[in-house]
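Each of the next two complexes has chain A plus one more chain, namely chain B in the first and chain C in the second.
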Partner chain A sequence: MENFFKEKTDEYKNLLAEYLEQQDEKALYGVELVSKALIKHNILPEEIINIHIKALKELDPNLFGAFEHSLEFLLEAMISYGLAHQEIQTLREQQIALKSEISVAAQMQKTLLKTKKPDVPGLDIGVISVPANQMNGDYYSFLQNADGTIGIAMADVIGKGVPAALCMSMIKYTLDSLPKESLPPPAVLHNLNRVVERNIESNMFITMMYAEYNPETSKLVYSFAGHEPGYFYRAAEDQFTEFSTSGLVLGVSEEVEFEQAEIEIDEGDMVVLLTDGVTECRDGDRFIEIDEVLDVIRQFTHLSAQEMVQEVYRYFERLQDFQLQDDFSLLILRKTV
Partner chain B sequence: MNLEITLTEEGNQSIIALAGEIDAYTVTNLKETFDSVTKKEGQEVIVDLEHVTYMDSTGLGVFIGALKSTKESDSELKLVNIQDRVYRLFQITGLDEIMDVKAAIRGGNE
Partner chain C sequence: MNPQSCVNINKEWDIVGARQLGREMAKEIGFSTVDQARIATAISELARNIYLYAEQGKISYEIIYNDSRAGLCLIAEDEGPGISDISQVMRDGFTTSGGLGAGLPGVKRLMDEFEVYSEVGKGTTIKTVKWLR
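== the complex of A and B ==
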């Protein structure tokens, strides 16, 4: 370090001498390299001025009076810049540490929330979930019940990022702890609500829908807790209809009853479930309305369910001023036989 | 986009008039304003949302917090003049069932 500093100080002096004599570009370029090397070694701006003063004194011992004092004055003025520079340096290091910590957490979250699409003959399932930031506040899960029915859960924690992600693991654990026998959807939501209500801050909440599909009867029974409505595509009519049940979001009040409703699915019919990240997408100042989402889905009905959800997301991603405001999740279920 | 907050207090009544967008960025000030009035006993807190054009779920969360806080202090929270887009949020989340919310009257101010 000592040597480095001495070396650069000499180099600076030589370059300065060269420049005083000839005012050439080469010396200017040289000093740029010197200053970059000094920055790399955390040499502060006031120290560079100090190098300058020393060099100048050695080159011209007759330097005196006001000019010399003015340089000392400038040196003092640079001290605050130096401090600011050091602070930025520290912040930069902290930011790198934080970033890597969050990406480790995001990776953990991915592992934790991994869910396997159930393999049901005659049922084609596609799902995509894209976080707005590194961590996802949306959640979906498939449950394979002992009686052959399939549970489908979709939830959206208010806000996004780390707090939402932490909150979501609560849903995951509660769902995992439910009995193996299938429960009616309102009972599932009721259980979750009890846990969430006790463990959540007063201005947070979770919207959720839970559905159960019975492959034998082709019936989908569902219950909503303040979640975005789903859409049911009736192939025979080539039309989407909204479906939902009324019910309060999870985490607000313990005394909530959830309703249940059902639909029967025929061949070619589709069930579309989503989070508000889909309906709150913006293209510049314009909000993307649900009709547009459904129109896009309709364009891709010839594809498999998984390709469909991916193409729908890609379609919005391609819009010129598209910004993902919130975590985006889309799930499509289609009866193929 | 900003959120303008105008608080008028008169006796037991506090009127909070809002204008702009309520989202994760603007919600902090709103939360502070709510905290300053909803914790007082026996208050009637009226929030006028006529000029609120957008609200996200973080905004909704602050209203839930305010509702809980007014209940604890025996106060009342009323939301008035809510525009369609924002009102839909209250309906989907089922909050319209547990909160005193009134949509904006279309085609006039009577």
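== the complex of A and C ==
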């Protein structure tokens, strides 16, 4: 370190001498390299000014007094910059540590919330869920009931990041603890609402939808709790229609009643479920309209459901310059036979 | 020079006097220009803390020796409100974000040794040392 410092000090002096004589760019490039080397060794700005003063004194012992004092003055002014620099350095290191900690947590969350796409003949399912930051505040889950029906849950914690993600685990474990026999969707939401209401702070809410599909009757029964509406694509009419039921978000009151409705799905029909991270994508200052989402989906209907959701995600990822504003989840279910 | 001195801090101008005495002692001990400036800045922070939060207090200076190595020891004392959460004020980004300057972490960086004792309602004592390299 001592040698390094001495070496750089001499180099600085020689470059300065060269520059005083010729004002050439080569010396300026040289000092750029010296200063980068000094930064790497945590040499603070005031030290560099001190190197400068010493070099100048050696090069010109008759240096004008006021000029020398002015450099001492500059050195004094740099002390606080040096401190700020050190502080930022420390904060940067802390930030790196924090980021890696969160990424471990995010990985753990992925494992905890993992769900398996059910394998139902004649049903093509595609799903994607991408967090805006590292931790996801959106959640989807598939349940395979004993009677052959499948449950589909989608939820979105108002807010994002770590608190939202922590909250999501609760939804997952409540769903897991439901009986194996299928329950009507409003009853599922009622159960979840009770748990959420009792366990989270009053300023936190969860929007959710729960649906149950019966492969034998091709009927989808659903119930919504303040969640973004779903869209039903009827192939025969080549049209999307919105579907939802009224019902308050989870966590507000234990008294809420949830409603139920159903649709019958024919071959080629699609059910689209999403979170507000999809509908609230922004293109510059403009929020996109749901019609734009549906148009994009329509462009990819020739693909499998999984490829469709991925292409739609890629489209909106690009539209937002690869910086999601909110967690993005999209699920498409299509009857193929 | 008297190896032990003291400056009372009652008004903002006293900060300048405190810096002045610290710099003179640092020079006398043989500290480099850069270290003189660092010591003066550390004194500024300590004196400003007294002036801003305790209104009055004092800074004592002492030339100390350790195995023939000389150093300057500063002790800032006040009977102000004290610090309720020392960990918090020692954390980076706590004071600077409020625009108060380098704060105590800054003093710790500028000097070699740093200790703080504080009791709410009784006051604060900060002892810090810079050794001659």
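Assorted remarks:
Everything that follows uses one rule, which is that the second predicted complex is superposed on the first by the 323 of 337 C-alpha atoms of A that agree within 3 Å, B and C clash if a C-alpha of one lies under 4 Å from a C-alpha of the other, contacts with A are read in each partner's own complex, and residues count from 1 in each chain.
Note that contacts are C-beta pairs under 8 Å (C-beta built on N, C-alpha and C of every residue); 3 or more make two chains touch, one makes a residue touch a chain.
On a predicted model such as this, the values are computed, not experimentally measured, just so you know.
For the composite obtained by overlaying on chain A, chain B and chain C can both be accommodated side by side without a clash. Contact with chain C, but none with chain B, is seen for A:Glu72 once the two complexes are overlaid on the shared chain.
Contacts of A:Leu91 after superposition on the shared chain: chain C is touched, whereas chain B is not. Judged by the number of chain A residues each one touches, B leads among chain B and chain C.
Touch criterion not met for A:Leu175: it reaches neither chain B nor chain C.
In the superposition on chain A, A:Ile53 contacts chain C only, with no contact to chain B.
In the superposition on chain A, contact of A:Ala27 is made with neither chain B nor chain C.
By the document's definition of touching, neither partner reaches A:Ala165: not chain B, not chain C.
In the overlay built on the shared chain, the residue A:Val278 is in contact with neither chain B nor chain C.
Contact with chain C, but none with chain B, is seen for A:Ser80 once the two complexes are overlaid on the shared chain.
Think of it this way: put the two complexes on top of each other by chain A, and the tightest Cα contact between chain B and chain C is 18 Å. Looking at the complex, you find that chain A touches chain C at residues 46-47, 50, 53, 72, 75-76, 79-80, 83-84, 86-87, 90-91, 94. Looking at the complex, you find that chain A touches chain B at residues 156, 158-159, 202-205, 207, 225-229, 244, 246-249, 252-253, 276, 280, 325-326. Touching chain A in their complex are the following residues of chain C: 32-34, 37-38, 40-41, 92-93, 96, 101-102, 105-106, 109-110.
Chain B contributes residues 24, 31, 56-58, 60-62, 64-65, 68-69, 92-95, 97-98 to its touches with chain A in the complex.
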